[in-house]
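Consider the two complexes below, in which chain A is the common component and chain B and chain C are the respective partners.
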Partner chain A sequence: MEWRQSTIRPEPDRGGCLAAGGWLASGFQCEHGRPMSASPAQPSDGTVRQPPLDTRYLVETPEGIDLVLHPAGLVPRALAFAVDLMVRGLILLLAFLLLGQFGELGMGLASLTFFLVTWWYMVLFEVLNQGRSPGKQLLGLQVLHDDGTPVGWAASLTRNLLRVVDLLPFGYSLGILSCLAHPAFKRLGDLAAGTLVVYRERAQPRPSLPEVAAQPLPFALQADERRALLAFAERQAGLSTGRRRELAGILAGPLQVPEAQAEARLLGIARELMGPS
Partner chain B sequence: MKQNAFERRHQAEWQAFARQLDALEHGKAGPDSRQFPAAYRRLCRQLALAEQRGYGSRLVEQLQQLALRGHRQFYRHRSHLGARCIGFLLGGFPRLVREEWRLVLAASLLFYASLFGMGLLVYLFPELVYSLLTPEQVAQMEAMYDPDVSRLGRFGERSSAADWMMFGYYVMHNFGIAFQTFASGLLFGLGSLFFLLVNGLSIGAVAGHLSGIGYTDTFWPFVIGHGAFELTAITFSGAAGLKLGWALFAPGRLTRGEALRQAAACSVRLVAGVLLLLLVAAFVEAYWSSMTLPGAPLKYAVGVLFWGLVAAYFLLAGRTRHAPD
Partner chain C sequence: MRLTDSVAVLRPRSPWEAMDLGVLLAQRHAGLLMLAWALPALPLLALLSLLLWESPGWVLLIFWWLKPLGERLPLFILSRALFGATPRLGESLRALPGLLRAEWLASLTRRRFSPTRSFDLPVLLLEGLAGKELQQRRAVLATGPGKRGAGWLTLVGLHLELALWLGLLAFLYLLLPAQTSLALDWQQLLEGTPPDRLWLEHLTNGLYALVLMVWEPLYIACGFGLYLNRRVHLEAWDLEVAFQRLRRRLGTTTGILLLAAGLALALPDAALAQPPAPQPAQALGRQAARADVQALLEQPPFSHREEITRWRFGDPAQAPDVDVRPSAPSPLARRLAEALEILLWAAVGAGAVLLAWRYRDWLAAFAGRRLPFARRAPPPPAEHAAPHPAPAALPADIATQAERLWADDPGQALALLYRGLLERLREDYRLPLSEADTEGEVLRRVRRLERAELQQLAETLTRHWQNLAYGKRLPPAELKDELLAAWRRQFGSGGTA
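Let's look at the complex of A and B:
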């Protein structure tokens, strides 16, 4: 979790509680979602989307929602490539052992196999297996078009043919540099093909809110403040006691409770926000 | 509406949607697939509502994941690959080549100029061949086209059963060169220029040398047939690479990234055409060019026919966009 103290901005016109609420919210924003705007000129009512602070990649769809993609960085992609390299080596080894016994016909078939495995292994898997070569599947990665749709023949062929350039001048140097420099970790082939390697979405376990009695809201809350409170309640099981107290203590002033009771009060308010279950 | 009430109201719907997605992701259109677009739009609306009302991130993330999977199914680029291939073969490919005639011309000029220039130079000054090829390579070439052997090409003295081996070898070798020529165009076109030049020079050197030492009757009938497809394919892959380089060099009114993406979408189609040409070339090279049974005149005639076919295809095919009534 990333705490950005620099985003605290005292706001005389809206009172200290909002500033503190924004502060709590901004603490969660790296994982939770949209960066909070605390400037009075742009009220953060939850509808104004700003570029995220982390590496999440937003794709706006015709339905008026944002798809949230998580581009994969250099290390998982390199690992996936290493796995694919081993799989390919294994296929070739088996093919040569098997076809080597058929003389010249076998030699021809072996060269064809070599050609297929060298140039088409990635393309075939990516197009026919929902953007996943075996290595990517193992590491939970997937290739998509920039607009979030599954990768097609043209884009997959482009990104895999241009892999030759990423390999230059030695050991994937250009690809690594491009991957490290790009906000969505694209290598040159991805840039040209308009593709993106992302983590596949995983089902999140349902967090359990602590069983406390609901408490009424002390004052009306903005959408982002509600989100921050709920995020605190959903994640409190993963935080240490001291950390929870410290986080909740920030809001002790606006809530007008002693610091020791702030946590219970916050959880109670979160209960109220969720409504009767 | 409180979050729990919202979830209770829509939970069943979301579960049904997830089941539908599971079916679609496994390639099965479930019985309720007709309702899928409507269900997807409803889900998007619910996601927007959940975000606007400031519901907890766990619920919002769950809906986002469903929306992402729905989007992937709904906007999948589904097309009839076979129909598209046939359309590309009948009209799309020649049209594309004519559209990119400047780059094709530039690549062809570079390639053929270096080929014929080097060929002429080596023919006139035979020792020049050793500036490009090692003596072993020259000796190997000479052995391949020795007029005394009955089957030509690499691994000269082979049986017809070995045609398969040759086919595999030619596919691997030629596709490698073509792909390299294309991909290295990403380096501002320099790579494509380099490979066009080097291939032109070395083919020219071999041709000039073999003509110089009087192997004309074996070399030229051998190469003229598949050369129509192979050399054309190499110039086209060079043109595709130059297109990438040109987009980076002079992106026009687009950003370089956008220009590169558009150029790549176009040039990858050119490369798909190159694949077809090379496949034909490999067949011709393995099964027709290597035969010595047909005499040289017949081979020249067929070679000219192939060149004429290739020229006619790229100049004339696909001129009418619609099928005639």
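Let's look at the complex of A and C:
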């Protein structure tokens, strides 16, 4: 197990290892690392192969299309809840200060406000604002049904009324444990209502490819391979020179070019894949 | 470390999602991680408690202060587990002393309160750097959103520990029966713990350790996820995996192509003209291939098997001969059973009676012997061809009455005359008139009597009556005298002759 970047040593059967020295953006040079342990990192053969871990939740539509959702974990949800708590506290404080001026009528109205804010704040925001309370909106979260449809009254009411259960015995203990143990990070209210808190898709800025001449594809590529080549070109700015050269070098053999030219060749191919734009 | 061995899908993620990946990884190895955390930590806590029995607060403080050292073993396990080489518990514990040595002093002093502890630890522990290099490396990795995520993680973790700890305490407090509930004197709690309550404080410390046992591996896993994500971003690990896979795919296919091309070029014509390669080996290969294909076809995507369980009548011949009848019941039970049987039959009978009573009308209408009209008289049939509700009895002198009526309402008069005619026909001439007879049929019967005068009267009267009844045409005024004269001539002035 070698977590440190070590000098690359081409191994025909294993493929390239991690980067050569000097590929970090800072120009940080490192020596040969001390291995953590002498035992080689081999997957134990006796274990059953489990599906790869991923933070995705696939919903298959009747047309056979997989919708990809990204369930949100405990930390952003806790922060969103904290924001909502503060907003609610602020609303209540203002309401009591304002309505306190009007004697008994004011206190009655304040009680109504208290009820509304306590029990309906989340529900109203979730149903009327595309599954987002202000805290969730700030953190980029969204509540959906399990099948990816927008959350409705019944589900939202259920999941928010069951906060009472999640609260037990103190400070959302049950909710925290359920959220940490569930593969899609659901608390008990989510389980009962069949809802899912996901990261909202944000509009990505249009990626810019380096301006090079397009070059024809030397071999047929599958969809994920095309995607990888495009990503390689799009993420040029985030990668160091050395690392780019190393990554491109992996494909120098199949491209039948010297390693030094592989990167330019890959960029040209990516340009070709991108098409005229 | 081979990236292709990774059990997690490597791709650039947002910091939040990176933490989620860490949680998923920790979930998969939860038992091992918790044990690996607890096995060194809980004995340590026990030891501290024994040494400092009088001051539980200090025990808690020291235990809490040493927390970063306990995070190293879970991280070691996680880093191995990511690439499919999950160590056994024994192996991990043997690796512990080496893990604790690295930079332990800085971890406990300078960096103890660093909010990004979970994110920094992998740099220290997994990359094995020290001193200035470590600083530089941290600086490199910290230039991204990962560090901020680690700060939030620590903040949330702080509150989460507190919430779970208090939750556990509250849970235990709820379990206390009401009678034995401790009379909590809050003031006394503030002043200090009496010596006989020290065990309670130590119990609280133990509960805190339990909370940490759950949360610490997850905290470390989240930080590890952030670190991993940073490296995926910086070094494009996902692209490396994809490129390796592409090279392997192309390598095998181009290899085969090259081999085929080489063979075709190298073999001279003479070699091609020679008899083909030895057959048996190929035949064997074909058989093996067929068996392979067969085996493949019997596997799920090609063959569809399902098991259906349904009820069917048992086969009496195959039924076990064991006498499963119970022994004779006791007299009391038998009497009870009889009473129950009577009760049930009575209920059935009562139900039938109730049903019959409920549907008595229906039964009377469709299944009874008596005619339904016997009990409920039908409405009287309308008077024959009478457009108005006429009086039941005819007046004695029909002609005079009709004459009087004619001035007001010729229709009424005509109706009276027609009814009188029918009455006379039935009584004087014994014509068998029935209610179903039409005017035409009455006339036909009159014609059969062969009395010219009567026939003419009847025809005139019927024609005008029909004109009135169906055509709403009033009889002409001059008809009155003629008709009445004929009437009087025929039947006399008297009513019943």
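One rule holds for everything that comes next: the second predicted complex is superposed on the first by the 220 of 277 C-alpha atoms of A that agree within 3 Å, B and C clash if a C-alpha of one lies under 4 Å from a C-alpha of the other, contacts with A are read in each partner's own complex, and residues count from 1 in each chain.
Definition applied: a contact is a pair of C-beta atoms (placed from the backbone, for glycine too) under 8 Å apart; a residue touches a chain by one contact, two chains touch by 3 or more.
Given the structure is predicted, the values throughout are model-derived calculations rather than measurements.
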| item | value |
| --- | --- |
| Touching partner for A:225 - first (chain B), second (chain C), both, neither | both |
| Which of chain B and chain C A:129 touches, first, second, both or neither | neither |
| First (chain B), second (chain C), both or neither touched by A:261 | neither |
| Which of chain B and chain C A:153 touches, first, second, both or neither | first |
| Touching partner for A:171 - first (chain B), second (chain C), both, neither | second |
| Residues of chain A that lie at the interface with chain B and also at the interface with chain C | 28, 33, 47, 168, 221, 224-225, 227, 231 |
| Partner chain B, residues of chain A touching it in the complex | 28, 31-33, 45-47, 61, 63-65, 67-69, 103-105, 107-112, 114-115, 119, 130, 144, 147-150, 152-154, 157-158, 161-165, 168, 188, 191-194, 201, 203-204, 206-207, 221-227, 230-231, 233-234, 273-277 |
| Of chain A, residues touching chain C in the complex | 1-5, 14-19, 23-26, 28, 30, 33-34, 36-37, 41-44, 47, 50, 52-56, 70-76, 78-79, 139, 168-174, 176-177, 180-181, 183, 185, 199, 219, 221, 224-225, 227-228, 231-232, 235, 238-240, 243, 247, 250-251, 253-254 |
| In the complex, chain B residues that touch chain A | 1-5, 25, 40-41, 44-45, 47-48, 51-58, 60-62, 64-65, 67-69, 71-72, 75-77, 81, 158-159, 161-169, 171-172, 175, 179-180, 182-184, 186-187, 191, 244, 257, 260-261, 263-265, 268-269, 271-272 |
| Residues on chain C engaged by chain A in the complex (per definition of touch) | 1-2, 4-9, 13-14, 16-17, 19-21, 23-25, 27-28, 76, 79-80, 83-86, 95, 122, 126-129, 133, 136-137, 139-140, 149, 152-153, 156, 159-160, 162-164, 166-171, 174, 214, 218, 222, 233-236, 238-240, 242-248, 250-251, 254 |
